[in-house]
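Next up: some structures, all given as structure tokens.
Here come two complexes built around subunit A, the first alongside subunit B, the second alongside subunit C.
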Partner chain A sequence: MSAAPLLAADEFQAPGLGLFDWPPLVEGAAWFNKPALLALVAALLVIVFVYAAFSRPKLVPRGVQNIGELAYEFTREQIARPFLGKDSDRWMPLLFSMFLFVWIMNLFGSIIFVQFPVMSRIGYPAVLAIGVWVLVMYLGIKHQGPIGFFKNVMFPPGLPGWIYVMVAPIELVSTFFLRHITHAIRLFATMMAGHLIIALFSEVGWHFLFVQLTPLGAPVGVLGVIMTILLTAFELFIQALQAYVFALLTAMFINDALRPAH
Partner chain B sequence: MSGVLAEVTGNLGSIGYGLAAIGPGVGIGIIFGQGVQAIARQPEAYGLIRQNMILGFVFAEALALIGIALAFVFRA
Partner chain C sequence: MYLLAAEENNPLIPHPAEMVVGGFAFLLVLFFVGRLLVPRIQKTLQERTEAIEGGLKKAADAQEEAQQALKEYREQLAEARHEAARMRDEAREQGAQIKVELREEAQAEARRLVEAAHVQIEADRQQAFAQLRTEIGRLSTDLAARIVGESLEDEARQRRTVDRFLEELESSNTQAVR
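After this line comes the complex of A and B, so read on.
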């Protein structure tokens, strides 16, 4: 009972899901809120960046082309080639733009005055994941045949017969549904959790240093500010990692659809 | 004073998330522990090992992330 009033912890309100509710920017267009605007800006940024980098390529790259080639090479060597091998050039446009788009959408969470990771609203990663799902189903049926695609997934060769009773339904649900659902949820939940944690610690700093400055509360506020800075640095790493992982898993799903697992 | 000796109040979702984080915590520890060991044994395979390490990491991490999302979804 003694510590709580001194710290004024009973008046401190932790930020909740209200952080993710945005009113429409224009009257009458309910869909057009801040995340939607940011998504459009992100798409535009990717287009402008890629156009600036690769519209007039030079043999000795200069300026933006340097950065563009760095990003392209990273995507090709680290994301596409390990999974797709010689097919990777065909899928590079998709993987490269997806990597850049997801990364920029995530980066909005750490850009001052923007400060909202668009991917922390489930709709945005869900659309990407549904797109990947449609693509993977199409590719699988095209390359392995409508029956062969399901047969190769549900009945991987080389197992004792009785175990297929268990393997077939698990593989069916996991390969065609669960892993695509987690594909979206992974990106969404990481971004949401990161945004919430940073909001919590900056709220702690604001509350204990400005709203209610007390001798015992001040160290808590300083801790909150330090944690905000540290977690922002960590969040920058996570944002890049999640964009990488999203594109990586897309490459893996495409590869699984193109050729049966051995 | 009521008859209750001790009482805990708060959100059950946070307890649920704490439980959901145990398994992925163990899993991620194993993945990175084994990964570092593999790199130490065979440093030239660093690129390959790191990639598979991250792949395993995201699969284990997904469970914890589903936990954090569901803690908000099933708020009492």
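After this line comes the complex of A and C, so read on.
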């Protein structure tokens, strides 16, 4: 979508999937677009923040270390502990990195002038989900054995025999593939939908208050601005929630691989 | 051309370039944050836990020590009270004994004094008796001599004689007592 026909038409047109297409920032480097730049910046921000907090941790925390510990303890108590229990500390490096990275990537959607949640590009959640999938397969085979891992998932004990005909294929597909695909898609879809809906209301506000100010259109424009503000607040919550859910599910998958479920 | 572009922009198809960039960015985070920094804070948190637990343990030890000391003091106090009670009882007993002894002594002394007085009285009595006997003998012979020697016609004289006799007897008696 280009801006020219929209202006020429002088008619309101809702923003579409074009919002998520970014041209290269540098000629010739097709991969280096805005989401790619933001992903690198996000990584840098996370590293700088955690470095500021934990590079020389004090027994009695001061300043940034307090904030860092708040984030760390939230991750440990709310994400790792519910599933991993005593193994929490061992997996905290992964879960803490993941939670912060995903959250910052999401948060870019509500940072002024940046305003693009990187996780709304499927490639970014997908690569994380694939990484988790590889890790989980490795851990499952290592801890439960190559046959035991599949057997424990597909044939959970305590069910009447005939039902395994149904359970086994469902569990196989669901546990080894579907839940890892939805792991990525859940994050991607919420970020994309949130970005679209905020873009829509911003466009309503912009169009009816600036592009084409009419007595009838003005209230609609005001409503658009109000909705944009409200939804931005809601989106801030969703961004954190999705980062939390993504890391939480990772912890759950790891736990399922370490020990047979049920 | 348009179709191709639409296919390329399918939002559900991940671009390999994105996955490489995303994977690289996350690995960077994982290396610096997960590998280098998280172990540091874990170590610090562990140390903090230990410091707090150490502090708590120290406090618990001090508490225990204080309890022990209190218990010892209480035991000592109870022992002292017991000792005091014992000494009081002993003193009371001793006092009672002393009292009894003193009373016995006093009674013995009193008896001794009474006996001595009796002896004295007896001696005095004996002496008085001996003296009286000689006196009475002498008086009786005097009286008899007078009665026999004088006529006893007159009753009045007779009475006077007896009275005189009694007077003399009385005066002599007082002299004797003196």
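Couple of notes before you dig in:
The definition used in the following text is that the second predicted complex is superposed on the first by the 252 of 262 C-alpha atoms of A that agree within 3 Å, B and C clash if a C-alpha of one lies under 4 Å from a C-alpha of the other, contacts with A are read in each partner's own complex, and residues count from 1 in each chain.
As a working rule, a residue touches a chain if its C-beta (ideal position, glycine included) is under 8 Å from a C-beta of that chain, and two chains touch if they have at least 3 such contacts.
None of the values given here were measured: they were computed from a predicted structure.
With both structures placed on the common chain, the touch criterion links A:Leu248 to subunit B but leaves subunit C unconnected.
Using the contact criterion defined above for the overlaid structures, shared-chain residue A:Thr190 touches subunit B, although it does not reach subunit C.
When the shared chain is aligned, no partner comes close enough to touch A:Phe150: not subunit B, not subunit C. Contacts of A:Phe99 after superposition on the shared chain: neither subunit B nor subunit C is touched. Touch criterion met: A:Pro82 reaches subunit B, while subunit C stays clear of it. Contacts of A:Thr182 after superposition on the shared chain: subunit B is touched, whereas subunit C is not. Legend: residue contacts after superposition of the two complexes on their common chain; A:Leu17 is shown touching both subunit B and subunit C.
Taking subunit A as the reference chain, the count of touched residues is higher for C when subunit B and subunit C are set side by side. The intersection of subunit A residues touching subunit B with those touching subunit C, taken from the two complexes, comprises 17, 185, 188, 192. Interface residues of subunit A facing subunit C in the complex, by the touch rule stated above, are 17, 20-21, 30-31, 35-36, 39-40, 42-44, 46-47, 50-51, 53-59, 68-69, 72, 89, 92-94, 96-98, 100-101, 118, 121-124, 126-128, 130-131, 185, 188, 192.
Note for the complex: subunit A touches subunit B at residues 17, 78, 82, 182, 185-186, 188-190, 192-193, 241, 244-245, 248-249, 252. Every residue of subunit C that touches subunit A in the complex is listed here, in rising order: 9, 11-26, 28-30, 32-35, 37-45, 47-48, 51. In the complex of the two chains, the subunit B residues touching subunit A come out as 48, 51, 54-55, 58, 61-62, 65-66, 68-69, 72.
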